[in-house]
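Common to both upcoming complexes is chain A, partnered first by chain B, then by chain C.
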Partner chain A sequence: MELLLQTLINGILAAGLYALVASGLALAVGVVGIVNFAHGEFSMIGAFVSYLLFVGAGIDPILSLGLAAVVLFVVGALTYYGLIRPVLAAPELNQMLLTFGLSVALQNLALLLFGADTRVLFTPYQGATLALGGVSFGLPPFAAFVLSVGLLVGLYAFLGRTRLGFAVRAVAQNRLAPGLLGIETQRIYLLAFGLSAALAGMAGVMLSVMLYTSPTVGFAYTLKAFAIIVMAGLGNLRGVIPAAIVLALAEALVSTYVPGGGGWVEAVFFLVIFLALTWRSWRTR
Partner chain B sequence: MKKVLVLWVLLLAGLALAQTTVRVGVLLPISTVAGKAALNGVQLGVEQVNAGGKVKIELVVVDDGNTPATAVPALTKLMTVDRVDIVIGGLASGVTFALSGPVKQYQPLFLCIGAASSVVEQAFSDYGRFFHYHPWDYHNVAAALEFFKYLYENGARRVAILYEDGPFGSAGIQTYRAQLQNQGYTVQAEPFKTGSGNFTAILTRFKAFRPDILYWIGYDVDALPIAAQTRQVGLEPKLIYGAPPAWPVGFEKNRLSNDVAGMTAWLPSVANNESRRFVNLYRRKFGEVTDEYMAPMGYVIALSLGRAVEAASSADKDRIATELAKVQMDTPFGPLSFKPSDTGRTRFQGFNQSIWLQFQYLEGSRRPVFPANRAARPLRYPGNY
Partner chain C sequence: MILVGGVLLLALLLPGLPLGEWRAFVLDTAQFAFLISGLALAWDLLARTGQLSLAHGAFFGLGAYSAALLAPGLGTLPALLLGGAVAALFSLLLGLSTLRLQGMYFAIATLAFSEVIRTLVLKAQFTGGSIGLPVQPAFAGAYPLGGYYLAVAVLAICAMVSLLLGRSRLHYAMAATRQGEAVARVLGVSVVRVKLLAFMISAFLAGLAGGVYAMKTLFLTPYDAFGLGRAVEALVIPIFGGLYTTAGPLLGGLIVVSLETWLRLRIGEGYLVVYGLILILTILFLPKGLMGLLARRKGGRHA
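After this line comes the complex of A and B, so read on.
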């Protein structure tokens, strides 16, 4: 029973980081309609911002969260203006090739600037552990989970309770009609893409604390983020946390209870994508 | 005055004629810490050789990108555009394996700095101009098993092995498990995806096994998550022992690295004359001390090549190879001489398991702890995790 409880907690806490990465991707897909393959590289930039601020200026990653969000918002806004906006009307394949190219370019730029080395931070709380009854868990994954839930609740509130949020939702539903009502569609897209990048940047800061910083750090989590947004329904922000929890729990249960299950982790999320798509197509028949 | 001038000209011409010049290609992953350290070592060694005046080594450096896709064209360029006859390179096994075909095609004298996998040994088994300085993987296993034997004598009985499920981690896992069991250990082994960052589930599974030693065979990206999550799930092994090809930058400054043990071929604290000399030269040239063993490995390759060229008095690669095979010298790792490899597959093997030492992280640095004759301090067992 204790093992099951520990496994469930492991899974739920792992979902925090998954959801943090996936929420930005869901926003880009849901509002701008762009499948952003460079989302993981935005996280990588966030991780490097955190690492460089820590090593260069001694700034704790917790304090870097806000700064990374601002930096990545600007990066996202510039990306939108310079690259995404010109291809918004182009076929989806062109858009995907563009973001894929951006992903490769950013990764190689990081390689040129920082080299291929894996770098780790050294904060006093990376190994901090909380124990409740017979189970224990790390403070950083717990903080990532709380941060993720907090950010998504904030995002829901913004989308559901503010005029700007209503405008974002309107643009997400229809690209033309909101423009006829005086909503500046391009500004909304820019805001949404910037927010998406900012969320990726904050996820990157957490990656730098919990894992490492390197030019490829974002890649593995982007794959999981794609699985999560497919499961949640493309662009459905409300489905992100439940989908992340299902994916992370599936991984944790397989790793714990299936002998040699650690090697099956990637198969689990591909299986999840397969089942979600199959079930959705069967349901809509 | 005229006579003096003529004498000077004759003297300089004589020196130039007596000096043998060779162009050497250097093919390394210079964007990685290990590759950069290796290049620094090669350059330092070449500087020493050239300062002697009898041999002049000119380096042509290219980046192998740590990937076959970059390394193979880079080697082709070295051979066809830069027209070198000697190549120093082959750090990563996967890359070196991919280079085996082009090397056999262009036939350079290939001085291999790393590439421990026996797959590489097999790939170069029919190539006579292959000098492998680094120990092979079976040497690494032998050195690690020696350490595990020592731990067994100190009461360790259960080993949990966490191995990455790619070629690096899983290739020898069954043999490893069997050898540990032969030593008397009870072994539980679980695979993982390197870079996944999430080990809590597998570590939780290990809790019931209550291992004395958590042994992970993976990459640098896994080091911090494993050290952190071992504590987070309350696993409490008596020793965390890691075997990545490189450790992450900054890991030594992280307090989670305290008492984590691993294996290396050299540390700056190694007490022999050649090691001290290397550390001083390195500090003078680069203004820092490295603890990457690829730096002295590159240095040793350059020095041994210099000796061989001097003995051959020729830039001919076969004459240099003949002299290199006879080289005997003291190095920061200990004595170097070339013999056939233990399996007999390759003819020129430099170092073996005797160069490996076990270290433990403590308060910001790696300290040798085993074998006893090379230890700077006793092993902390059980460690505090």
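After this line comes the complex of A and C, so read on.
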């Protein structure tokens, strides 16, 4: 019983970060209509920003969070201007190839610059644990969960309560009408893509504390975020949180209860994608 | 057409040319280039229906492992064909569940598929897991150039299929599917069946190339056979050479593999960064690839 409770708590804690990464991706897919294969690489850049600031200047990752958000917003905006905007009217195949190329280029550029080593940050609170009625969990995952929930609340408040947020949702719903109503579609795309990258970057900062920093750290999160948004329906922001919880709980249960579960966890997201797609495919028949 | 024939003729004659001390290196690199170009031609077949596959590395690997495991019992040629068949079977299962949906879903599913196949091969016992799998050379080493000519044969088969499909009725069905699924449906094209057929042919050829690759390297590991690098090669080459053509992937394959061989010697592991850049730059500035560039030149001269 205690093991089950511990497993469920681990799953819920992981779900926060998953939801944060996947919300960013859902924003890019839903608003701009681009499947961004480089989303996880934005997280990787965020992780490196946090790592380099900590090692180089002794800045705590919590403070890097804001800076990484700004850096990645700029990276996202530049990516949109330089790469995405020219192919907005191109066939879907070309758009996907472009972001895939960006993913390959960023990952291997990091490999050339920093090598393939995994780098761990040693912060004073790294090993701290919290105990709550018999179950214990690490402070970093808990903090990442709280921060992720906070950021998601902020994102939903922005989309649900502000005029700009309304504009973003309007563009997501219809490509043409918002333009007629005086919303500058291009600027909304820019904003959404930048925001998407910023969310990924902040998730990356948390990864640098919870996990490690390496050129390939983001790739797994691209796949997990895809699993989540496929479950939620591409571009559906509201479905992201429940879908993230499902994925994280499934992974936690597999790693606890399946013998030799460590390796099989990597297959869970595929099962989720496969089941979601098969179900979707049967429903549209 | 002339270009395709020329490349194949050169491939056949290459072992007879006086290459001196470079002979072994040239033949080895050429063999690799032929197999990767074959893989690229296979990828392009599916791309003609507008679908992005990131799983061709996995089909290549599936063919490689199947052929390697079957060859001692069945002989080289049946093992290679079965390797292709195994890849085609997996593509059928993957395609049935995903090809009805929008292209985005398919691309995502193929990426996830290739990651999972690698996990399975790493975990399984009969594949040698992470340690790797030693492979017999082609025809149990009876002919020194057997592997080389098998690679030439694979390239020829891929080029033939690509040329024939480019002239068949299926070609128009594929083009229509790519350019507008709804319109294709109205015109009486069975869109899902066309995509599925293209996917299976494509995966079969990728598996075939993988099998010959296994008999060339003589040792397989999941990281090598199923690495994302293979999937990247499979798509960079047709884009760079020219999508939806036969000569494009062929020409692109020879150029890109030469570049890769040189880069591997120069910068080692991060060489894929160049592939990423080629991909981005080609899509932004040269969406029709090298063939588009050549056609523009030719058009200019006629005008």
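Please note the rule applied: the second predicted complex is superposed on the first by the 280 of 285 C-alpha atoms of A that agree within 3 Å, B and C clash if a C-alpha of one lies under 4 Å from a C-alpha of the other, contacts with A are read in each partner's own complex, and residues count from 1 in each chain.
The criterion applied here is as follows: a residue touches a chain if its C-beta (ideal position, glycine included) is under 8 Å from a C-beta of that chain, and two chains touch if they have at least 3 such contacts.
Since we're looking at a predicted model, the values are computed, not measured.
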| request: Give one of first, second, both or neither to describe whether A:Asp117 is in contact with chain B, with chain C, with both, or with none. | output: first
| said: Which partner chains sit in contact with A:Asn10 here, chain B, chain C, both or neither? Use first/second/both/neither. | reply: first
| request: Quick one: classify A:Phe274 as touching chain B (first), chain C (second), both or neither. | output: second
| request: State whether A:Glu251 touches chain B only (first), chain C only (second), both chains, or neither. | output: first
| A:Ser103 contacts which: chain B (first), chain C (second), both, neither? | second
| task | Considering only the touch criterion stated at the top, classify A:Leu176 as touching first (chain B), second (chain C), both, or neither. | result | neither
| said: Quick check on the superposed pair: does A:Gly263 touch chain B, chain C, both, or neither? Answer first, second, both or neither. | reply: both
| query | Can A:Ala131 be said to touch chain B (first), chain C (second), both, or neither? | reply | first
| Which residues form the common part of the chain A surface touched by chain B and by chain C? | 111-112, 116, 260, 263, 266
| request: Under the touch definition given earlier, write down the residues of chain A that touch chain C in their complex. | output: 29, 35, 37, 83, 86-87, 90-94, 96-98, 100-109, 111-112, 116, 223, 226-227, 230, 234, 260, 263-264, 266-267, 269-270, 273-274, 277-278, 280-281, 284-285
| task | Report the residues of chain B in contact with chain A in the complex, numbered from low to high. | result | 29, 31-33, 36, 66, 162, 165, 190-193, 195-202, 204-205, 207-208, 219-221, 223-225, 227-229, 231-234, 246, 248-251, 253-256
| said: Using the touch definition from the top, list the residues of chain A that touch chain B in their complex. | reply: 3, 6-7, 10-11, 13-14, 55, 111-112, 115-122, 124, 126-127, 129, 131, 136-138, 140-141, 207, 210-212, 214, 216, 220, 251-256, 260-263, 265-266
| What does chain C use to touch chain A in their complex? | 47, 50-52, 54, 97-98, 100-105, 107-109, 111-113, 115-116, 119-120, 122-123, 178, 228, 232, 235-236, 239, 267, 269-273, 275-280, 283-284, 287
